[in-house]
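Below, chain A partners chain B and then partners chain C, in two separate complexes.
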Partner chain A sequence: MTKNNFSRRGVLKTGAFAGAGLAMPTIFTASSASAFTNAPSGSSVKFGFNVPQTGPYSEEGLDELRAQQLAVEHLNGEGDGGMLNTFSSKVLDGTGILGKKVEFVTGDTQTKSDVARASAQSMIQKDGVIMINGGSSSGVAVAVQGLCQEAGIIFMAGLTHSNDTTGKDRKANGFRHFFNAYMSGAALAPVLLNAYGPDRNAYHLTADYTWGWTQQESIQASTEAIGWKTTNNVLTPVGAGDFSSYIAPVLNSGADVLVLNHYGADMVNSLTQAVQFGLRDKMVNGKQFEIVVPLYSELMAAGAGANIQGVYGSMNWNWQLQDAGTQAFVKSFGEKYGFPPSNAAQTCYVQTLLYADAVTRAGAFNPCAVVEALEGFEFDGMGNGPTLYRADDHQCFKDVLVMKGKENPANQYDTLEVVEVTPAAQVTYAPDHPMFGGAEASLGECNDGA
Partner chain B sequence: MDAIILQILNGLDKGSAYALIALGLTLIFGTLGVVNFAHGALFMIGAFCAVALQRLFGLSKTTIDESQVDFLGNPLKVQTPYLESWFGHDFGQALIDWSVPLAILLAIPVMLAVGYVMERGLIKHFYKRPHADQILVTFGLAIVLQEIVKYYFGANPIPTPSPAAFRGSLDFGVLVGFDANVIIYPYWRLVYFLFSGVIIAAVFAFLQFTTFGMVVRAGMADRETVGLLGIDIDRRFTLMFGIAAAVAGLAGVMYTPILSPTYSMGMDFLVLSFVVVVVGGMGSLPGAVMSGFLLGILQSFASMNEVKSLLPGIDQIIIYLVAIIILLTRPRGLMGRKGVMEE
Partner chain C sequence: MLGLNRKDTILMLIVIALTLGAPVLLNPFPADSAMAQFNAGYPDLMQRFVIFGILAIGFNILFGLTGYLSFGHAAFLGVGSYAAVWMFKLLSMNVVPALVLSVVVAGLFSVLIGYVSLRRSGIYFSILTLAFAQMSYNMAYSVLTPITNGETGLQVYSNDPQYLLGNGPQVTHLFGLEMRAKAVVEMGGWTFDFSVGYYLAAIMMLAAFYLSLRIFRSPFGMMLRAVKSNQNRLNYTGINSRPYTLAAFVISGMYAGLAGGLLASMDPLAGAERMQWTASGEIVLMTILGGAGTLIGPVVGAVFIKYFENIFSKINEHVLHGWFGWLPDGVEDVVTWILARFVGEGWHLTLGLLFMLVVIFLPGGLVEGGQKLARLLRRSRPDGTTPSNTPAE
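Take a look at the complex of A and B:
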């Protein structure tokens, strides 16, 4: 009779370690042979554009993709050069990046965090992308940013407005050009005070996920700072469709302002239904009832139609701005596609150029060299005025636009008007602000995947 | 009290949509024995009939206005709808304004045709197959239909306003003795509720008081015997499929001012409508209608702040919770018949 030394517990432990080792994605192990993850070796370098091509935000995603394709054309010396002609940094000359032609692959996030991560992972592992750009949701951005951090890839975020992206979930390998919920509140509050006065009662309907929560918190804080009271905050399910049962009690609550912390189709539906309920025709507390939509996009404005007229909101950028950068981009985009770009398109275009510029200034594709080049980088000529990529949290600080639904639109694109350009200083906050994770929030260490 | 009345009113229009879709589902199930997962897509196609007519009415003649420029600085292309050119500004604008109700006239033949083609072209081949096969094929069809609509109309919601005459809301509270602004109800939702009442009554009257309806009811009860009497029951059932499609389509057309149409709107309603059918009782037309309104109102109540503060998340699960309770206590649903889906 033989005696073996295996115990049941020992076998289980060994099995667990072996299983974990086998299950570990190869992106975390395979790159150890090279200097950094997906170091480009041939005559080209590949970007990954991870945007929603299907699903509820696909129109926004497709507009991002158009802008990303345009950015690649401009980097490779095709077309009229767009914002390369107005960008304050002059190192990009239309010959690709560090002599390598820029290529790209695309992925479909479907606006789902798990799908977006899988798509990003595939682009990193199979396609060998050096940078990922895009996205139309904060949930997606936070998920993909985390993956890029683990994989040693730079993530240039697209449309993500939650404070968390560069707040408690900030990462050393992630960068956000788009503005955030805090900035929306800081920019909107003075305009709302001026338009509606200090004695107002606000009722919030809030999308029940990371973006909705941080936007509601930001808008509540900024409006209470100007004297408004918050009557109620009701969390609504994403994709509810019919918001009538949430809207109906608003008038009877004593509120005279409805703040819709909704985006996309939810915003179109909640605003349309609030107008149907006649809220904007009512007088409450002796004042005209008003609706505020803190985050606007051109595509949402088109979906809401006439309901948006006279309603205040905020944006990262708008094609109607008159600066040279905006005009160059609108001309390139408009001539290629036949309509003006959205602010989601602009942020993705700018992020692509900023990444290329950082690589060129750093003289290397190594992600940590790129991080160093982007941190504290000050630039202009990209449509948002003088802009800083703050080193502490990788958030861009620039002017924020306060918009209003146009009362008498002249054409189908003329849905919103810029009522104020809020200076960057007014929307700047401390890196350890409590809404952004406080003192504990940290970028962590840059990861090059080596 | 005012909050209760408010939520009952809110539940009525949602319940109306559930009832109309569930009515169509039950008609198809009762006549053809098919579990039609493409029924939500028919609701969506109906909604896009309204969008199509709105686009058709909006077709415009382009003229160049040299005095204005577009976003690229080129002379502005001014669009003038042909309807305005042909019928004058006022009448042309009135037609455009009333495009949603007028879309009913377009939706009826379109939906009948869609229903007929769907039944003859695909679903009839699955009559003798298990319900699982029917569900798979109709679900696949629903995905194909919604992707086709997305290809042509995009993924964004498309604004389809009600006629100007029905914008704004009725101060219902004042009518029943409450203060102003306590119970308000949009005019269009009232129109939708009344419209659904008319459609439901018309379907019941058609089945109850016409010879055609009588044969269909007989066929639902005993298809074989009706067939032995020399009646071509299959042809009648095909027509019933078309009628069920038209009911779903009309529900979709009139719902567009409440919910801006998107390609995915049918899927959102489909699952809930199936729960409505199951709760009402498989194969029972009055059960489907009653359960539609009941669940619509319950869902509305569950969205009240007072209820949500006591039971967080209840608005998301109320329909399924009620379905579980009803199926545990009455396994055939509220008005289900013995023998239906029990073999």
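Take a look at the complex of A and C:
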């Protein structure tokens, strides 16, 4: 520094200013006393739909957004009512929620935890939303769930499959309707046993992050329970694009099943390359080589094209189911948008209705009253059969679909067929299961922000 | 005042006034009006404005003064965040140790990366920093999961040790003053939020701005400018320029660490994507958009980009229909369809177009635009004072 003109007076003056500056924040005390965060006033209530609109999972995100808008229409009594007509709880009558019209704001998470939290913060602080729904990745869902817990509003998770969301990261203000990795494993194992026999060696390729690991752990546990051996588990970087260097060693490993714990574009690439390597035409140990993709989605199936034919996987829901709830939803979604909804869309639609229903049954928007209404709630008519929102971890328990890539698809949406509907009892686990954080995991206290 | 000349003092005072008055200035529309969509005066976004302002000010010390274009600055932001969250997990939710550690850790990390990368200049330096940052990102995302909690992001759990917590608050605070505490003032239709977190970040930014002002005006700053104009000539005169560039690199890394620590203090979660190359690119964009090498430019750029990211991305087709409902049906659909490409999920497109316009017509950034405007106004004044020819600072 060139000039050092510290005079006694100058130092005193600066000190005084600094002191005043430091003292200033003390005039701020906690915010004005309202009953709970964003208590709705006036004739409307606001929901926040926080989904990826750009980035790798934007397809899923935009489909979720369509379903959420449809749900709001149905709640406000526009359109044909969709699943409101088949829902076992009849308190919603198409006049909004508790007489208030439902409005919504949307945000872009870009599938990044940081951005998702910023977007959720702006919904809470600026738009005054009472509930946030969405998320197309487990990392984002866990991050936003934590934020909603702190802020004192309800989080209704969208597409998130990792065990952690309702496992070690479970929160009192967060609820998940979607199934999880453990359920995928438990549903797939018996089907795989029937199709491929008990004497198999599995080779896992796993996306190298939290979701991939929990899924791999779950699938390995449930396949080993039916007598399979695990030859190897190789972690692959997310978004690798080229998986050939990971697939080549599979040929000489002695394994006869390849399990791809990948999602989205990664799964499309790894499956396509595995098929191009001729894995599925190989005979190993006298048995036909097989590929398994534990978590399926319609959008991935469309991306992988003919390569998925005959490949097993699991899903939360599929538009081809024949129950009344599914048919009502597919009909109103199809009429509005011109194509069938994905299972990401269904879970967000159902979550929005479930929240509205819980508020109405509780008779209040207070988050703690809503938590109480949702805990242990049993319902039907939403496309998944009889479903329970378990109080211990806020996870929905319902049937899981085992799917297979269709051999002769009739049209571009007809890519998967339902092989088996695994009953809920078979995929149920104890709330303190070691894969779900063990005995340490707890929901904590419900927070209404007061 | 405080070692600044008159012009700088005025600039400093303007920045102080704008920063402290932001909660009012950024909420120009009544909360119930349709235009409230464009209000930016809520705590979270204002915090982001000043925190990314700090980041861009620091980046500008390196890029604006020495001309070294680092494409890996997000790594220091991420390291700072992780350090801060670890302090919350191990000690208590007080932000002071967190901020101190985040600056120290980011400083050490930047010594390491700077020492290696600064052996090269120009494009090779950029690529080296990019490689280091992307390496940090990938490691944080997978290999280092025990430290970073991978994709989920590092957060504070109730069973963390927190040795100094005692009966202290469970949310981030400054000696008991909670970051999220705020005073809400309602005036007619307007609502203003004055939050503790924002004012802490704002005071930090003012300090950072003052320090950068002093660096720009010091002999050290002059030496950095010499590196930018001709490093070879500097070397031939017998001066070893590397200590200067390394010092600038480390200072700017520490600024990024402070920004990362502040981000974690406002919201105790650190995700790996904070280090991704797109985040580094965003810092470069902020600086260039606002005006590289100018004092105030980077802050303007940071505010601009964060505003677009948070405000424009939330205008969806539903909102547009609300605005243009008065148009005839066919026309309304066409107008909303066209506009919807530029807002909501299309906000990147708008930002891209603006960036192109700025780079083509205002190579000096938005600050140059402001100066041109000011000159135009001055010229139209009758007394005909000649505009000064001093370069932009």
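Annotations
Operating definition for what follows: the second predicted complex is superposed on the first by the 418 of 450 C-alpha atoms of A that agree within 3 Å, B and C clash if a C-alpha of one lies under 4 Å from a C-alpha of the other, contacts with A are read in each partner's own complex, and residues count from 1 in each chain.
Following the convention adopted for this analysis, contacts are C-beta pairs under 8 Å (C-beta built on N, C-alpha and C of every residue); 3 or more make two chains touch, one makes a residue touch a chain.
This one's a predicted model, so the numbers in the text were calculated from it and none came from an experiment.
When the two structures are aligned on the shared chain, A:Lys126 is found in touch with chain C, with no touch to chain B. Once the two complexes are overlaid on the shared chain, A:Gly303 sits against chain B while remaining clear of chain C.
Contacts of A:Phe379 after superposition: neither chain B nor chain C is touched. Using the contact criterion defined above for the overlaid structures, shared-chain residue A:Pro237 touches chain B and also reaches chain C.
Touch criterion met: A:Ser138 reaches chain C, while chain B stays clear of it.
When both complexes are overlaid on chain A, the residue A:Tyr263 reaches neither chain B nor chain C. Within the superposed three-chain model, A:Asp281 lies in touch with chain B and out of touch with chain C [touch as defined at top]. By the touch criterion stated above, A:Ser58 is placed in contact with chain B and with chain C alike.
In the superposition on chain A, A:Ala118 makes contact with chain C only, not with chain B. When the two complexes are superposed on chain A, the residues of chain A that touch both chain B and chain C are 54, 58, 237. The part of chain C that touches chain A in the complex is made up of residues 2-3, 39, 42-45, 48, 138, 141-142, 145, 149-153, 155, 158-159, 171, 174, 177-178, 181-184, 193-196, 199-200, 203, 214, 217-219, 267, 269, 271, 273-274, 309-310, 313-314, 316, 318, 344-345, 347-348. On the chain A side of its complex with chain B, the touching residues are 54-59, 232, 234, 237, 239, 241-242, 244-246, 248-249, 251-252, 265, 268-269, 272-273, 276-278, 281-282, 284, 299, 302-307, 319-320, 330-331, 334-335, 340, 410-411, 413.
Only residues 2-3, 6-7, 9-11, 13-14, 68, 70-72, 76, 150, 154-159, 161-162, 167-169, 181-182, 184, 186, 188-189, 257-260, 262, 264-265, 268, 299-300, 303-305, 308, 315-316 of chain B touch chain A when the two sit together in their complex. Residue ranges of chain A in contact with chain C, taken from their complex: 1-5, 10, 14, 21, 24-32, 53-54, 58, 62, 69, 104-108, 112-115, 117-119, 121-122, 125-126, 137-139, 142-143, 146-147, 150, 164, 169, 208-211, 235, 237-238, 440, 442, 444.
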